[in-house]
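Below: one structure in structure tokens.
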Amino acid sequence: MTAGSVALEGVTKRYGSETVVADVSVTIAPGEFFTLLGPSGSGKTTTLSMLAGFVVPDEGRVMLSGQDMTRVPPRGRGLGMVFQNYAIFPHLNVAENVAFPLTVKRAPKAEIARRVADAMAMVKLEGFEGRYARQLSGGQQQRVALARAIVAHPPVVLMDEPLGALDKNLRYHMQVEIKEISRRLGMTVIYVTHDQEEALTMSDRIAIMNRGRIAQMGPPREVYEKPDSSFVAAFLGEANLLKARRDGNAVAGPGGTRIDAGAGALGASDGLLFVRPEKVSIAAGGADGAPNTLPGQVRHASFLGNIVRYQVEVAEGATVLCDTANGAGAALHAPGDPVRLSWRAEDSRLLAA
Amino acid sequence: MPVRIPTAWLLLAPALLLLAGLFLFPIGWFLHASISELGTWSEILTEAEDVLLSGAISRSLVTTGWIGVVVTLLVLVIGYPMSYALSRARGWVFTAILLCIVLPYFTSTIVRTYAWMVLLGRNGLINQILLGLGLVGEPVNLLYNRTGVIIGMTYVLLPYMVLTLFAAMKAVDPRLMQAAEGMGASPAQVFRKVFMPLTLHGVVAGVLITFILAIGFFVTPALMGGPSDVMIAMLIEREVEITQNWPSAALMTIVLLVVTLALYAVYSRFAEPGEAVR
Amino acid sequence: MTDLIRLNRRLLLGTALAAPFVARPALAAGEVIVRTPGGTYDDVMRKYVYEPFTRETGITVRPVAATSAKLLAMFRAGNVELDLIDTGAGQLLTLDRMGALAPIAYDKWRWTKPEDISPELKSANRVSNFVYCTVLGYSKEAFPNGAPDSWAQFWDAGKFPGPRMLGDMASGSAHLEFALLADGVPKDKLYPLDVERALRVMDRIRPQIRRFWDTGALSAQMLSDKEVVAGSIWNGRLQVLIDRGAPLAYTWNEHMIQVQAMGIFKDARNVAGAQLLADYMLQAEVQAKYARDLIYGPTNTKSFPLMTEEERARAPGGPRSTQTGFYQNNEWWEDNRDRVNRQWSRWVQK
């Protein structure tokens, strides 16, 4: 197997009677930007710790570049790492911090100097070599952590909520830079976050974790638009989840309205009909009997700048969210206005409740 | 929450008053009363020369310094791993270690010193064990010599070092060590390149406080030492009690006080919170 | 006798130094505060002296501990907290020379006849209340075929091997007298001590000396714990061990007789009460009782006939004692203590 590939094979970790990670299997290709996304306590950090070697799994194997590393200590794994809270050594200056992975390997002095300079340039921190962590801003500390993770050109870099402590603007900026650097160096990145937007922006693939298991895994667009479960649907962005019954090849939605559902229509007779707010179109006027149409009444309209979000009450008291682009000449609907909501069958899915 | 300066002084006032009333004033009175007894400045200088240049005090200073250094190093070597264990222990293990360190201090130094004398004597427990195991042919002299002083003082001073180091070690973020490990450092490297530098200011503080306490020791060397283990505090006591030569005692006290204060000045620089040494 | 718990001296000294600035305690009506060596001594004195004295006069007696440094500090700070000083003759001499003591009112004595106290044991401001002595003690087990019977034999480590001990300056005075005796100086030619010679003689036995003891407690402990096989020791301390069955013994040969004495602080609050107590304590019958229990020698010549033959035989300063022993010369020690201490400190640290 190629250098930089990562695989988890049926990995399980228990603490006492609690199973923190349950039978997780993933294969990550070299150069892939792979994100573990999930709420806190979903097992994503434990999974990362097993990759890093801080935690030994109870079952299963951890493979790095095709080699079984399950029981190899962290220092034998040759990974780059960015830690939550950065873990900058307070007794070392920036250059010494960045050089750390090379110094512990006893790399030649000249090589260390060259690589540190490269890494510092890459994270745009030239001139900060002699500073100490307490003299740096949060963003600068982040860059130091990043430079330190890549300085030895590891094939795989693990990042544990690296941007968690930064404010929104800086975060976006760093997201782009991390992505850019990872692409330039061709390294495999395994990225842990609880921020779905960040995951969607940066990843080649996302694994959404819930209660120690991978709920769904796939490219951002796929997991966003074709969630397999109401958990994934709700965790990633806004979702309309309407009570629905299966009715032959179609679905009976609120008020018994017949609606076509996408290919993901799932087994059981009862479920939740999923559709993203931005996939719902809204038109003035009441029911017209057209397929895939729900009549309703505007309850609330929120102006969010680039979009307008409507809360529309449909039959059985259910509420549907509908986002419309605030494009040129877009008509506005006022609360109380009767409206018709519709969407394409392939944009909706019937999910298990 | 930061305490405002006037409030801080107010909170310190009782301690300062106590210190002034029970330490500064009496010691000032003692030094003044003793030295003024000598008369003029030139007479004081003559006596100072006599006392300080007499072989007794220079020998005693060498003895004191030597014992201080050896004891401090021993305490450091024994105390560092103990402190580390304490800083990593949780729950009942932590309580157990802490109790083992602190509990003996609920009894007086004299009692503890006598306990050592029972253990270390020619017919004491340790010699009986050594003889019983056939490790030695005749009793080893562990008491009434330098060895005895060093064993006794090391024991008495250990907690000062352990608690000082513990505070420094507890302040080290364990994630830094994990980070170092993750970046390829071996356990030895994690210790040498991360843990030790981060606890170095604690080591310096612990060494200084131990040494300061050690050079002022009286009870342990007086009880456990041999003929030549005369530490400076014993010499002062002798001047006060036996010859009742207070001027001479006062001059020796000044020597000890100056050395102690100088070391304390260094100590306070290292013990300054938030001023970790790089 | 300076056998206080010396370990507490620092503490006591601290208190003494702070004392001048602490308010005087309210004066108890009819109370004499007396400085004593403490410990068993207080129990014995309470039984035979203090309590009978209180019954007789209504004046209560409160024994307190005070080191010589504390006594000196009290006097210098002009804050005398006690009335009667019961301490080693040497220390009392120091205080007397500083002018701290009031004359003993021999002419007003009610119970004791001044002429019964041996003349060498009383002076204008000081009067001795008992004598004790430092003897050559040894372990019977260590010397089954004959123990050292003189200081010369004590110095003979070839014939009498084993670790030994002698008194340090901190015990009150270094035992230079024994060194000179070992070197052949006759008992009556000891003073003035030839310190250099004594230290040279000390050099010879030094390798055998496990420790120069500073407190009576330490000397007793070292002998009973078999840390040493022989050494100089106060007779009272040793007798207690022997009476308890320890396999120890001593020779009366060449023992040093030392004197305990009383003085009254000139500025004491209850000088009259202190005079009465001294008078009461020195009676022949009273002295006979406490001397017997403490294994000390009485200073009242009339006490000896009140004692049994055995008690007389082991009493320091008794007829047998004065023949085989010698009196320590306090005057010489007081004149030379400073110089000797410095020489000793230098020598002992060699």
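We call the chains A, B and C, going by the order they appear; numbering starts again at 1 in every chain.
In this section, a residue touches a chain if its C-beta (ideal position, glycine included) is under 8 Å from a C-beta of that chain, and two chains touch if they have at least 3 such contacts.
No experiment lies behind these values; they were computed from the predicted model shown.
Participant: Graph of touching chains, which shape: line, ring, star, complete, other?
Facilitator: Shape of the chain contacts: a line, open at both ends.
Participant: So which chain ends up in the middle if you average the CA atoms?
Facilitator: B
Participant: Looking only at C-beta pairs that count as contacts, which pair of chains has more of them, A-B or B-C?
Facilitator: Output for the comparison: B-C.
Participant: Just the number, please: Cα centre separation of subunit A and subunit C in whole Å.
Facilitator: Averaging C-alpha atoms per chain gives centres 90 Å apart.
Participant: Would you mind pulling out the distance in Å between where the CA atoms of subunit A average out and where those of subunit B do?
Facilitator: Centre-to-centre distance between subunit A and subunit B: 57 Å.
Participant: So how far apart, in whole Å, are subunit B and subunit C when each is placed at the average of its C-alpha atoms?
Facilitator: Taking the average C-alpha coordinate of subunit B and of subunit C, the gap between them is 35 Å.
Participant: Any idea which subunit B residues touch subunit C in the complex?
Facilitator: 21-22, 25-27, 29-30, 33, 54-56, 59-60, 63, 110, 117, 121-123, 141, 143-144, 218-219, 222-223, 226-228, 230, 234-235, 237-246, 248
Participant: Sort out for me which residues of subunit A touch subunit B in the complex.
Facilitator: Contacts found on subunit A: 52-54, 73-75, 78-81, 83-85, 87, 89-91, 100-101, 103-105, 132, 148, 152, 158.
Participant: What does subunit C use to touch subunit B in their complex?
Facilitator: Touch list, subunit C to subunit B: 2, 6-7, 9-10, 13-14, 17-18, 20-21, 67-69, 72, 76-77, 94, 163, 168-170, 172, 206, 209-212, 214, 218, 221, 225-227, 337-338, 341-342, 345-346, 348-350.
Participant: Which residues of subunit B touch subunit A once you look at their complex with the stated criterion?
Facilitator: Those in contact with subunit A are residues 173, 175-176, 178-186, 189, 193-194, 197-198, 276, 278.
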